[in-house]
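Here it is, the structure in full.
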Amino acid sequence: MSTYVLVHGAWHTGAQFAPVAAHLRQAGHTVFTPTIAGNRSDDVKTTGLAEAIQSILDYLVENSLSNVILLGHSYGGMVITGVADRIPERLRRLIYWVAFVPNDGEALVDMVPPDRVAILEALAAGRGDGSVVLPFQVWREAFINDADLETATRAYELLNLHPFRTFTEKISLRTNPAEMVLPKSYLVCTEDTALPHGAWRHPRLSEKLGLFRLVQTTGSHELCFSDPARLAKAILEAGRD
Amino acid sequence: MSTYVLVHGAWHTGAQFAPVAAHLRQAGHTVFTPTIAGNRSDDVKTTGLAEAIQSILDYLVENSLSNVILLGHSYGGMVITGVADRIPERLRRLIYWVAFVPNDGEALVDMVPPDRVAILEALAAGRGDGSVVLPFQVWREAFINDADLETATRAYELLNLHPFRTFTEKISLRTNPAEMVLPKSYLVCTEDTALPHGAWRHPRLSEKLGLFRLVQTTGSHELCFSDPARLAKAILEAGRD
Amino acid sequence: MSTYVLVHGAWHTGAQFAPVAAHLRQAGHTVFTPTIAGNRSDDVKTTGLAEAIQSILDYLVENSLSNVILLGHSYGGMVITGVADRIPERLRRLIYWVAFVPNDGEALVDMVPPDRVAILEALAAGRGDGSVVLPFQVWREAFINDADLETATRAYELLNLHPFRTFTEKISLRTNPAEMVLPKSYLVCTEDTALPHGAWRHPRLSEKLGLFRLVQTTGSHELCFSDPARLAKAILEAGRD
């Protein structure tokens, strides 16, 4: 049996992985669902990427976790890449679930179409506390397109203010993902449109992993809400040896 | 419960939506399946795109329809875009089912690979009455590739002579689809090869919608014949709020 | 009922098609699973592509097979293209299962990303007997990503030394596949990553067929091991008239 650490995406906390974690535990695995610094309700919203990475690195060390299958969702791909660069000896495999894959010196916004970056910047500027929030209509149509309206609304109410600087701060890596010797999986949800199909998401992101295992399942960017059981099944196919 | 108006593609009439409409009605919805001007058996085959659009616009007005979920299949995407530009106040959402998405000044043939346009032109020239007809082998291999031969043959016998000028006449729009404030869905059949995979269909067409909801299902361009129940299920996921 | 001849890919023999063939026979079809020259355990490993093609051509002639649905898997696409060019009168349809589609004068390595060709060349050079062998980790992650480790290991142990010259020798064709009048199907496994997604596999390979029937199923490049029943079902959809 394996140890899974599930690292959430922007606007989420670890708590939203609870239904997925329950399925993984039913299959006999140990599961941790930490919340990244900057996403806790009482965090200031000026947190940057280095601090976010450090918080998950600390979590693994403080809990003495090893042989970890480390999953990152979306923005969480930035975080797990930073962790893997620093403490690969604690990891068994990386799973990028519809996640960003950075090389040294890249920020998340470098992997997003410029017109969408402009929208995020405008949203962040409109708030003024360092955070950015997704408009409901964007969430409903482009992030959780596979759910009914009630599920989409309920999930939206769980989202938190995300620190925008984690999107704009460049990552510092000693080793790019393609050169990491760790096994790596990329988990695609085929109806995910958080990044536009075509030139921006898989395979543009996954090919930065070098050798990797592709797992695909139907579903949106937010399959954790719309079908946690299906997501758990796909995670197990991505995480096994 | 919602009101659906299903606008067929080239070579079809509204009658071929009957099995899909039956499934939608079973789910409690009101469904209309008009036939576009130019596709009725006694129509002259010199109808152009503006006339085709006007016929569906008139249908909505004459039947006093409002709050309509308006679906267009393939060529029908040209028609619903024109209708949405003229009477958006009667619509609740647009659904493009493997459909063309035109901007102002574009004709359908501007979204088709030039070598296929040449084939269509040759087929139209060979008839001489303004119509174009698909050869059976193209229909069977590239349009209804997911059905058995009997279904493919039976469906082919239902097709009508399509007015070629609806493919070559440029659309006139006040507002391009990306700027329309209406909610929009794009419904992809993953084995659809009526347009070649790669640079020509989704996402090249869907991205012209701006913010939109992606729904995908397995099936060919002619899922209305090969699995109407599956198509109806996908339409409901595309059409809900 | 039809006659299927299943032509394996690199590192395989016909024996590994036995589970798939059993499903096709249950459906009433006659099935042959020859082994290409160069892949038999006692073959010298300097066999080239022309010799490989000749061996399957001879098999069809010696067994007096006609009206054949001829399937090629991966490298087997090179072989069936060569056979179809020489004896089209014996064939009913070609099925390319995640297979290479060559035009006259192309070698398999011309359709593989240069960095992967370099890896194959290095692997071949390291052996020195003309053969090339896949490292287990590449097999497990990129070829049979949909199976569990036990299945992946068991299948790996069945692989044979593949003659590298069949990858580098250019094919000689009188007629390119797009101009062949034979019906053609392309069968995609959607999680196949033996060739990278994006610019290298479907649709880049399938579009060289001209008019063709697309059939897709979930699964890896090695669905013959991970789910022979699902592969057989897809083959029947690809092979029927």
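Annotations for the structure displayed:
Read from first to last, the chains carry the letters A, B and C; within each, the first residue is number 1.
Quick note on the criterion: a residue touches a chain if its C-beta (ideal position, glycine included) is under 8 Å from a C-beta of that chain, and two chains touch if they have at least 3 such contacts.
These figures come from a predicted structure and were not determined experimentally.
Note: Cα superposition of chain A onto chain B, rotation of 120 degrees, nearest 5.
Because chain B and chain C carry the same sequence, their contact can be compared by residue number, and under half of the numbers here are used by both. A separation of 37 Å divides the Cα centre of chain B from that of chain C. For chain A, the set of residues that touch two or more other chains is empty.
The residues of chain A lying in touch with chain C in their complex are 183, 202-204, 206-207, 211-216, 237, 240-241. Residues 137-138, 140-142, 145-146, 148-149, 190-191, 193, 196-198, 218 of chain A are the ones touching chain B in the complex.
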